[in-house]
Structures are given as structure tokens and as C-alpha cells.
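Okay, structure first, notes after.
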Amino acid sequence: MKLFPLDTFAYEFPGKEIKINFEIPEFTAICPFSDFPDFAIIRLEYVPNERCIELKSLKLYINSFRNVKIFHEHVINVILEDFVAACDPLSVEIDGDFHVRGNIKTVVRASYKKP
Amino acid sequence: MKLFPLDTFAYEFPGKEIKINFEIPEFTAICPFSDFPDFAIIRLEYVPNERCIELKSLKLYINSFRNVKIFHEHVINVILEDFVAACDPLSVEIDGDFHVRGNIKTVVRASYKKP
Amino acid sequence: MKLFPLDTFAYEFPGKEIKINFEIPEFTAICPFSDFPDFAIIRLEYVPNERCIELKSLKLYINSFRNVKIFHEHVINVILEDFVAACDPLSVEIDGDFHVRGNIKTVVRASYKKP
Amino acid sequence: MKLFPLDTFAYEFPGKEIKINFEIPEFTAICPFSDFPDFAIIRLEYVPNERCIELKSLKLYINSFRNVKIFHEHVINVILEDFVAACDPLSVEIDGDFHVRGNIKTVVRASYKKP
Amino acid sequence: MKLFPLDTFAYEFPGKEIKINFEIPEFTAICPFSDFPDFAIIRLEYVPNERCIELKSLKLYINSFRNVKIFHEHVINVILEDFVAACDPLSVEIDGDFHVRGNIKTVVRASYKKP
Amino acid sequence: MKLFPLDTFAYEFPGKEIKINFEIPEFTAICPFSDFPDFAIIRLEYVPNERCIELKSLKLYINSFRNVKIFHEHVINVILEDFVAACDPLSVEIDGDFHVRGNIKTVVRASYKKP
Amino acid sequence: MKLFPLDTFAYEFPGKEIKINFEIPEFTAICPFSDFPDFAIIRLEYVPNERCIELKSLKLYINSFRNVKIFHEHVINVILEDFVAACDPLSVEIDGDFHVRGNIKTVVRASYKKP
Amino acid sequence: MKLFPLDTFAYEFPGKEIKINFEIPEFTAICPFSDFPDFAIIRLEYVPNERCIELKSLKLYINSFRNVKIFHEHVINVILEDFVAACDPLSVEIDGDFHVRGNIKTVVRASYKKP
Amino acid sequence: MKLFPLDTFAYEFPGKEIKINFEIPEFTAICPFSDFPDFAIIRLEYVPNERCIELKSLKLYINSFRNVKIFHEHVINVILEDFVAACDPLSVEIDGDFHVRGNIKTVVRASYKKP
Amino acid sequence: MKLFPLDTFAYEFPGKEIKINFEIPEFTAICPFSDFPDFAIIRLEYVPNERCIELKSLKLYINSFRNVKIFHEHVINVILEDFVAACDPLSVEIDGDFHVRGNIKTVVRASYKKP
């Protein structure tokens, strides 16, 4: 799984807590069971520490899942780990809101708080 | 009452708490009073421990209520018990959102937390 | 005020807390001031103890307010008392969502917790 | 500022806490800066003590602001004081949801709890 | 960055806490990366101390960002600092709800509490 | 079936065609099969000829169905005939939008054009 | 395919054209390819000639598809033919609004006009 | 009835048909029966001939109904006549969407086409 | 451009006109300008002649655009031609409802009628 | 008024009529009366003849109104003329949906058909 690297820039108001919320409606990957495409809206909210995620690299990172085979339950953990590694935030919450499969709609949520 | 068995797969990030939410809009069973069909949307959110519920078996499990005679208030308890037995989650919440009967709309909610 | 008696049946999972929510969109009674009909949606959520309310008797109980003269603020207390007397729940919340009168929309809420 | 007096009637279930919520979509007054009319939806929720507000007097009280010159930020405080003086409630919350002025939509909220 | 100064007027009920909420749907500035215009809805809620923000100056203050080059993450901090300096509120929360860029929708939130 | 008589007033712009549309959300009557109450929203649009229907009499006319036993399919024809007899309009359309019965929602529409 | 027979009653205003519209949200049948259940909302609008369809028989007719194996495209034609045979209407339109299958939502529409 | 005069400006593309649509949510007048205020949203769409209506004068014209006593059915005809007299349009349609009175919501529509 | 072939089955009611409507929310292809992925909801309505499109092959046909480079304006024409070639319908309408690109949302519609 | 030139590319299916619909939510210009900014959503639907409008030039064309002083009623005519000149379409319809000014919301529509 070779994903586009997440880029960052300096947060100019360190020490002032803000929440940054992204809605990314164009996630697609491949289902490992069926080899058919999966689709999801990814929602992500974080509190920056010293660096912010650069928007264009986030788009390219999400685009780079297009040919990756991965389960709903695991993709959210992968994004969470990559995001924390890239910008060391004070906290992050991630939602993956997946399209109906087998007549069932699935949403997966994960979160992280800097110790 | 012979229901399809729920299947599971290993959660690859044990110790990392995620929430998995399913919306299942095609529940139908038989009303024990009238012998007429009942309909509901089932909503289910759980925190996996070491195993996740496999989606296709969940669909077949729900489908297998089609000829079962059971009350609104009891069906939610049955699903809760079967779900806990199948994947031993850290917690589960289940909603049954039933169609109007006798001019009244009924929603039944149950939940479980691993001791 | 002679109302239809509320009927009950045994809750088969005593000790397991569930929430049961009814939406009853066809309440009508008579306004004591004007003698004109009033209309409301009644919403009711309870946690059963040992008995559940039987749905058909609930419909007939609500229907039996049709010729009763009663204020918005009092009807919710009457339903609350009758409901508690009928099935001895662990808790109940009742909302009466009344149609516009005198250009003003009124909602009245009452609740009960078993001591 | 001469406003219509708020009338009350006895609450027949004193000691039983209920919440009464009014939505009043027809508030209009005059802006002291521009002399142009202002418009708002007033929302009010209270817990009665021994008396309830009579609905018709509430409508006439709201109507009586029609020619009054008053700021958004102050009108909500005036209604709050008059309401508390009239029926001595256990608590009240009031929202004034004003139409767009100068491309900006304003909502003002005030509340009171009986000591 | 030369912005229009925020004006204030005396709050006539000092000591009585109210919440004042503004929705300002016409924010536009220039993206420092691309030199293309950015658009946002700004939402702002504050509890006044002794002075309220005058609505017309707030509109002109927001309009004065039209030719300013600034990042999503920083503009919210700038508005927060200017607002606090202008009216010394008990608390403020500010949301910037930005249009989609690079297929991603961004919301940034900041807040302040008077020590 | 003794219904309240519909009252009228002179249309001051005869010869100028206007459309007048009423939405009446509080229709209730009795089902002749089950003796249970039925509920509907009545929608009515007409082009007046020389007389307009007076609003208060329309409300009292609708209220007077409260104890009448009548089918969904027939009640709309009765209102249509009474309306035409009362104000001799150029045209009328009437919709009865009934609550769910037997899991089925029913809407009945009738219309009239002056020959 | 043995379906419940549709019952009728006399239309008391023959010669006066009305439209009767039913929304039936609880259609379920079996997919002939997969043997899995299908679900749909059926919408039906007709102009009666001399007879109206009786509501309870319509509900039981729809319920009787529960174990029938039939395609989306054909079920609507079957209902259309049975409906026309039962009450000889001036016209009928039928919509079957089926749940998502294979990531695709299907709606099928058929209609009939009496020659 | 003394209303603010409607002002106009030259349409710079005469001969090119455009539609101009206004939504005016702040109409209020006085009911001649009850002396209580009425409220409406006015919607107006016209095709200019040689002159367009100036927006500020339209606002002041609408504001000037505030103390006028007039029926729902007539106010729309008055606005239509004044509008046609002011700017001689190719066509106009006007809707008055009035708040609920006597449990009934009223919409009145009138239109004009230049001969 | 190698696409999955569309499959068909016999329409059992030839001569009876029905409309079949598909909503396919998971179209994705590659933008020829930027090499970035595009996303769309495809909506398609047709009147079958002697054959119906088989649902699973339609899903696989749509999936097979995943690595194709093609413009918004052309993809709809390609689908139209392939659909007509596959099942020779009496008529077809196709909508491609594309996600925002360059701050602009695009919808492209094409249609065909059998001569 | 110096606007960015609209660019085009060849329509590869000339003779096949398609409709192309753009929603452009980020139009802003300057009001000639007040010198304050105006905002609008522009909606545009056209049938291409031999050339399609290139999306990026359309975005830059719309952006180039940012410092232009122009009335609501005229801007739509200007866009219509520029669009027709750029790509010679079979037909075009343009809507400008402007933000509230003076408590009034304005929509302006213009259209063109190739003779």
C-alpha cells in the first residue's frame, strides 16, 4: 500500500486551540472480498498542535487509495495513523461514511488524543 | 426460531477503539397477534473487541427473521443477545424503528456494555 | 372524564433496560375555553419494568380523549399519571406537540422516574 | 413603552415539573436606528411554578411591540423580565430569531432560573 | 491588512448573561497560494460584557477582507482577536464554513473565554 | 349529515381572475366500517366569481364533520358540492390527504369548472 | 402465483371524475435470480369508473406477494392487470420504487387508460 | 390608503425578455374584521418592458401597508394594479402566502399580461 | 476504451409501455486534462421495446469506466450509444450529475427516441 | 468592464442534442448604487452546437466580475451575450439568484435560442 505523503505548514497561532473540519466526499478503494470498488465520504476534525495539514496533499493522499484493497473497518485506522504521524495534532476524529453494500449502510469512526 | 449464524473476522487494530455503525433498512418479521408482516429499519452501533461482524452474514441473519413470529419489544433483545454472543464487543446499541401500526409509530432501543 | 383503560403484557426480558418510543399523531380533544377542537402529536418514551403497554389499548385510550374538555398543560399530566398507573415503568417522558392556536405553537413535556 | 399585560391561570399539578414551549412567529417592532420595521420569531420555554401564562394574553403582549422602538439585544431582556414578573416560573429560556439586516442574521438568547 | 474598525454600543442589562449569534454569509478573501477568491459563511456567538458589537460596523469589517490574502486557518484567529479587542466579551465562538476547494470542504472553529 | 353553512362575502375585483388556496390541516371524521376516527389535511384552490368564501365559516364547516360517518372517496365530493353551491366559483380543486390506514396512505382529488 | 383477490365497493358519484392515490410502503417479494427478498414502495393513482378498490383487500393483495418470485419489470405489469380486472377504472398509473440492488436504485412505471 | 410610490429605472436591454423574481418575506397589514395584524410572504415575478422597479422603493411600498386595513383577497389585487401602473411590464404574477388564521393557511395569486 | 458488455433479458409484456428508471451513484472516471478522478451520479430512464437491461451487467459496465479518460460532455453520449445498441429501447434519457470541479457543478443530459 | 475571455473546445457529437447545466455559486460584483459587494449563484444551461465552453475559462470569466459595478438586471444580459458570442449554442438559459438586499431576494432569468 503506497499512499501519497501528507504535507504540512506551520500553524501561526500555536497555543490557541482551533478545530479544523474537512469533508472529503470522493473516497474510493477496492473491497478485498469482491474486488469491486467501495465508496465513502470521509469526515475528519482535528486540533492542530504546531502544524496544519496542507489541503492539496490531503486530496492526493485520499486519491491514492483508488487501487488499494482494504476493509471498511481498517481504512479508518490507516488514515488515523498516517494523519497523526504527519502533523502530530492535539486530537483527531475520523468518520468513514460508506455506501450501501449487501443492503446495509456502514459508518466507521475512530479518534486519537495526544497523551 | 432458527436464524442464520453471524460470522466474524479478526479486528486488525485491537486496543484501538472504533465505532462501527450499520443501518439495515430491510427487516421484516410476522406479528404474533395478527399474523400480518411487520417492517423495521434496524440501526446498530458497536465497538469491536477482537472480532468484527462480517457484513454478508449480518444481512443473511436479518433476512432469516422473515417468517419468525415475534413482538417489537422482544426482537431487539434477541438481536442484541445474538450479536454479543457472536463477536463479544466492548459495547453495542440497537434501535428497531418500526412502521406505523394502529396509527402509532414505535421505536425500541437496547444496549450492552462488556463488564 | 371516562378514558379507555390501558392494557399491558409481560416484558420477557425483565432486568434488561430497553427504551420504547411511541409517536401518536392523532390526538384530539376539546378546548375548555372555546369548545373548539384541539389537535396534537403525542410522543412517549418509557423504560419498561415488568410490563409493556399493549399498542391497541394505547390507541383506544388516546382516541377516548375526542370529546374531553382539557387544557394543553393538563392533558400531558393526565396521560403521565394513567401510564404510570397502568404499567409501573422505570421511567417515562411524554411530549404533547399541539397545533398553532392564536398564532402560537405550544409543546408541553412531562416526565417520571420510578423512585 | 406600554405593553399589553400578561395574564395567568393556576397550574393544577404544582410540584410536578413540566416544560412548556411556545413558538411565536409574528413578532415585529421598530428599529431605533433606521425607524424601519424589524421581524423575529420568538421561542420561549418555561417550567411553571404555581401559575401558567394564558395564551391569548401572550399573543396580545407580543402584538403590542408593533410600534415600539427597541434593539434586538434589549427586547429579549424586556420579555424575560415581564414574563418572570407575570408568572414567577421555576425557569425560562427565550430566543429571538431576527430576520437578516445588513446581510447578517441575528439570534439573541436569554434565560432565568428561580433562585 | 487594513480592516474596517469594529464599533460598539453599551449593553443596557450588564450582569444579565445573554448569547448573541450572528450568521454572516458573505465573507470573501483571496487565497495566498493561488490568488483566487475564497468564500465562507462566518458564524459568531458571544456573551457581551459591557458593550455589544454594532451590526453595521461588523458588516463593513467583514467586507474589508475582500482583497486580503489569508489562509482559512488564520482568518478565524484574526477575527477572534479583533472581536475580543473591540468589545471585551465574556466569551466568543467563531466558525468559518468555507466553500469546497480541491474537492474538500473545510470548517475552522476558534473560541475565547474571558479569564 | 348536518354541516355548518358556508358563508361568503363580495369579491371586490370581479372579472379579475385570482386563485385562492387554503390548507386546512385539522379535518377529522368517523370511518363507517370501523367507527374509528379518520384524519386528513384538506387542500382547496378556487377562482372566485362574484363571491369569496369567508374563512371562519370554512373552519366551522370543516369542524362539523367531527361526528359524521363517511368514506374517504365520498367526503371530497361532498365538500366540492357544498363549496360550489355556496360561492358559485369559476373553478375549484380539492385534495383530501388522509393518514395511513391498513399500512396505506390515501389521497383523493376532485375538481369542478363552471360551464 | 396465487394472490389475494382485490375487493371493490360502489362509487357513489359515478360520472364525477376523482383521482384516488395510494402509497403502499410495504411491498416485498423474492428475486428470481438470487432468491433474496426485494423491497419496494408501490404508488398507485386511479380514476374510478363505477367501483372503488376496497382498502383492506388491497393491503392483503400486496401482502400476498411475500413468497412470490418475480422481476421488478414484471411485477408492475401484474399489479396493473389485476387492478384493471378488479375495478374497471377510467385510468391507472402504478410506480414501483425498489430498494438499491447492485448499487443501483430502480423505479418502474406503468399505466392504463380505458379505451 | 396612502402607500409609498414605486420608483423605476430604465431597462438597458429593451426587446430582450428577462424574468425578474422578488421574494419579500416581511409583509404585514391589519385584518379589517379583527383589527389584529396579518403577515405574509409576497412573491412577484415580472417581465420588464422599458422600465425596471427600483428595489428600495419596492421595500418602502411594502412597508407602507403596516397600518392599512385590508383583506387577503384584495391586497394582491392592489399590489398588482400599483405595480402595472408604475412600470408597465409585459407580464406580472403575484403570490401572497399568508400565515395561518383560524387553523387555515391561505395563498392568493393574481396575474397580468400586457394586451 | 474497453467497457464491460451490457446484458439483456426478454421483456415479457411487449407492446405495454413501461418506464424503467435507474439511479447509479457510483460512476467514476479519469479527467483527460488533469489525470485526476471525476465522480458522478448517472440517472437513466428508458422504455423497453423487446428486451430489458440486466441490472448486474449495468453495474459492471459502469464500473468499467474507472480507468477511462473521458470528458463530462462525451461520457453521456458514449453511455447513450452503448445502451441503445444493447437493448434497442423505444426511448432513453440519461443524466450525468458530476461533482464540483473548479467551483462549478456540471450536469449533462442526452436522450434518444427510436425512429 | 474588462472580463476574462471564455474558451471553448470541439463538441465531438455534433448533431446530437445534449443539455449541459452549470451551477456557479461564487459570483460577486459591486452594486453601482451603494458600492457594496453583491453575491449570487449563477445557473446556466445550454445546448452546444459545434463547441463546448471550457470549464476553467468559465470560472475565470465569472471571477473577473469581482470589481465590476453592475445591476442585477443587467449582469445576466451581459453573461448571456458573452456566452452566445463565445460558443454559438443552439440555446441557453441563465439564472442569477442574488442574496437578500433591502429585505428582498431577487432572481433574474434570461434566455436565447439560435434563430
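Points to keep in mind about this one:
We call the chains A, B, C, D, E, F, G, H, I and J, going by the order they appear; numbering starts again at 1 in every chain.
We adopt the following convention: a residue touches a chain if its C-beta (ideal position, glycine included) is under 8 Å from a C-beta of that chain, and two chains touch if they have at least 3 such contacts.
For clarity, every value in this text was computed on a predicted model and none was experimentally measured.
Steps from subunit E to subunit G, minimised over paths through touching chains, total 2. Following the contact convention of this document, D is the list of chains adjacent to both subunit H and subunit J. One rotation lays the C-alpha atoms of subunit F on subunit I, and its angle is 145 degrees to the nearest 5. Two copies of one chain, subunit C and subunit F, form a contact in which over half of the residue numbers belong to both partners. Centre-to-centre separation between subunit A and subunit G, using Cα means, comes to 46 Å. Centre to centre, using the average C-alpha position, subunit C and subunit I are separated by 52 Å. Centre-to-centre separation of subunit B and subunit I, using mean CA positions: 36 Å. Our note on geometry: subunit F versus subunit G, Cα centroid distance of 28 Å, whole angstroms.
Multi-chain contact residues of subunit F (touching two or more other chains) are listed as 25-26, 99, 103. Listed by label, the pairs of touching chains are A-B, A-E, A-G, A-I, B-C, B-F, B-G, C-D, C-F, C-H, D-E, D-H, D-J, E-I, E-J, F-G, F-H, G-I, H-J, I-J.
Touching subunit F in their complex are the following residues of subunit C: 25-26, 28, 36-37, 39, 63, 66, 99. Across the interface of their complex, subunit H is touched by residues 99-100, 103 of subunit C.
Residues of subunit A touching subunit E in their complex: 11-13, 16-26, 48, 52, 55-56, 58-59. Considering their complex, residues 71-74, 76-77, 80, 101-111 of subunit A touch subunit B.
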